[in-house]
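Which chain is which? They are A, B and C, in the order written, and residues in each are numbered from 1.
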Amino acid sequence: MRRTDHPTVGEADSFPFVDDSLAANLPRIRSIGIVDVKFGRNVTVVQPVNLYGCEIGDDTFIGPFVEIQKRATIGKRCRIQSHAFICELVTIGDDCFISHGAMFINDLFTTGGPAGEPELWRSTRLGNHVSVGTNATILPVTICDQVVIGAGAVVIKDIVEPGIYAGNPARLLRRL
Amino acid sequence: MRRTDHPTVGEADSFPFVDDSLAANLPRIRSIGIVDVKFGRNVTVVQPVNLYGCEIGDDTFIGPFVEIQKRATIGKRCRIQSHAFICELVTIGDDCFISHGAMFINDLFTTGGPAGEPELWRSTRLGNHVSVGTNATILPVTICDQVVIGAGAVVIKDIVEPGIYAGNPARLLRRL
Amino acid sequence: MRRTDHPTVGEADSFPFVDDSLAANLPRIRSIGIVDVKFGRNVTVVQPVNLYGCEIGDDTFIGPFVEIQKRATIGKRCRIQSHAFICELVTIGDDCFISHGAMFINDLFTTGGPAGEPELWRSTRLGNHVSVGTNATILPVTICDQVVIGAGAVVIKDIVEPGIYAGNPARLLRRL
């Protein structure tokens, strides 16, 4: 094993390592980064993360192993915990907590596979004071203010009433 | 906190950092990489990833924070999205989409814990045009062509009919 | 895109890259590491990981993309697989297997959001020979010796009898 030196590697000059001894074809290697991000004041980011084309509000914390895609917007005073994934077309309000491994979706594969055209993707909007539990999965929905999504829940429809929701599919456990 | 300089660190000379002030014992530190991978043509990989002993088909995309283990095979024109984990003995066909956080399994712990012997692991085979949703988990099964596995689903038995499957355990939602 | 050189970056001098062309405000950038960890003998760690303030027993293996927080304790001869997340107040016995993407919780959001005060967090204790499946989620509970938690399961209450548990919420599948 040695550091790769083939010219496609670009930025990945120090990390990690490519053993190309078996590679008849060398892959095109890109690297995560923080690119075209509009940060509010006093944001904290723990590397490594992949943030591009998104907007992060004041006083928000972004943990490690997080990806936030372009056209996603995160509000103020949020915590985006490790391993979370926030895709395009997701808008998150203020004072939200997106726990570890929580992930969002914009493509429902309704035609039997990836939509192909981003025009077919659907958006997600979280209000303020929404807490999404660890390993939860959020389909393209609207969630009102003051909602808790339980750990491991799968949210498949809009939530219009404050409360605690859990399960797969997520159902109301109790009102808040 | 300082850069570690103890000799076991090896390749991890620039990332990340080890504070060994409390360490009566120092760990053996290894680092992810791309080792013994057979790439087709025109593959794109976004670092950091851990790929070893696997085979990746033409025109396939591998996102960041992905691990693909040895003896796994990925077909052509696939997308393996961020945070996915593909274990040994998984074979994925062409034109498949493995979404963010989707993970595979080869050891069912049927004896009450890890099998110990790889001979006891079981294999998984996905056909072509299979899309596995975000945070889904796939036990050792066979899945036919033209299947969608919903987000957060847990697939525990073979799927032999094209369709959309979701839930824990996954059930047919509708045929395709 | 260029290597960032603004002074808040600190340790992250080589990885990854920050494009600050759009940044009216620059974030505070920290980096994962291995800090204040008490290692037993013969521990193996695969970088990148984020380990801080925790204790790792003899002969334990920690895979990549793992975070283990302060005040977490891992026993001897365990495997903590890639993408796992182990939070504060989790104690794991000996000979445990925490599979890929398995995550723990200490805050139940019972008041409608993050507890705020760590005093309100609750602890989790796993006995010996406990295997937690891929993508499983463990709420603050006690789990006895010799238990298997199935892939994708969500454990919401104590487990006091050896056996295999699965589903969301997890239920006993069969005794061991």
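For this structure, a couple of remarks:
The criterion applied here is as follows: a contact is a pair of C-beta atoms (placed from the backbone, for glycine too) under 8 Å apart; a residue touches a chain by one contact, two chains touch by 3 or more.
All values reported here derive from a predicted model rather than from experimental measurement.
A rotation of 120 degrees, rounded to a multiple of 5, brings the CA atoms of chain A into register with those of chain C.
Homomeric contact chain B/chain C is classed as different-residue, with under half of its interface positions used by both copies.
Remark: chain B and chain C have CA centroids separated by 19 Å (rounded to whole angstrom). Counting only residues that touch two or more partner chains, chain C has 14-15, 31-32, 48, 50, 65, 83, 101, 135, 152, 168. On the side of chain C, the complex with chain B involves touching residues 11, 14-15, 31-50, 56, 62-65, 79, 82-83, 95, 97, 99-101, 129, 131, 133-135, 146, 148, 150-152, 162, 164, 167-168, 176. Every residue of chain C that touches chain A in the complex is listed here, in rising order: 1, 12, 14-19, 21-32, 48, 50, 65, 67, 83, 85, 87, 101, 103-105, 109, 112-114, 135, 137, 139, 152, 154, 168-169.
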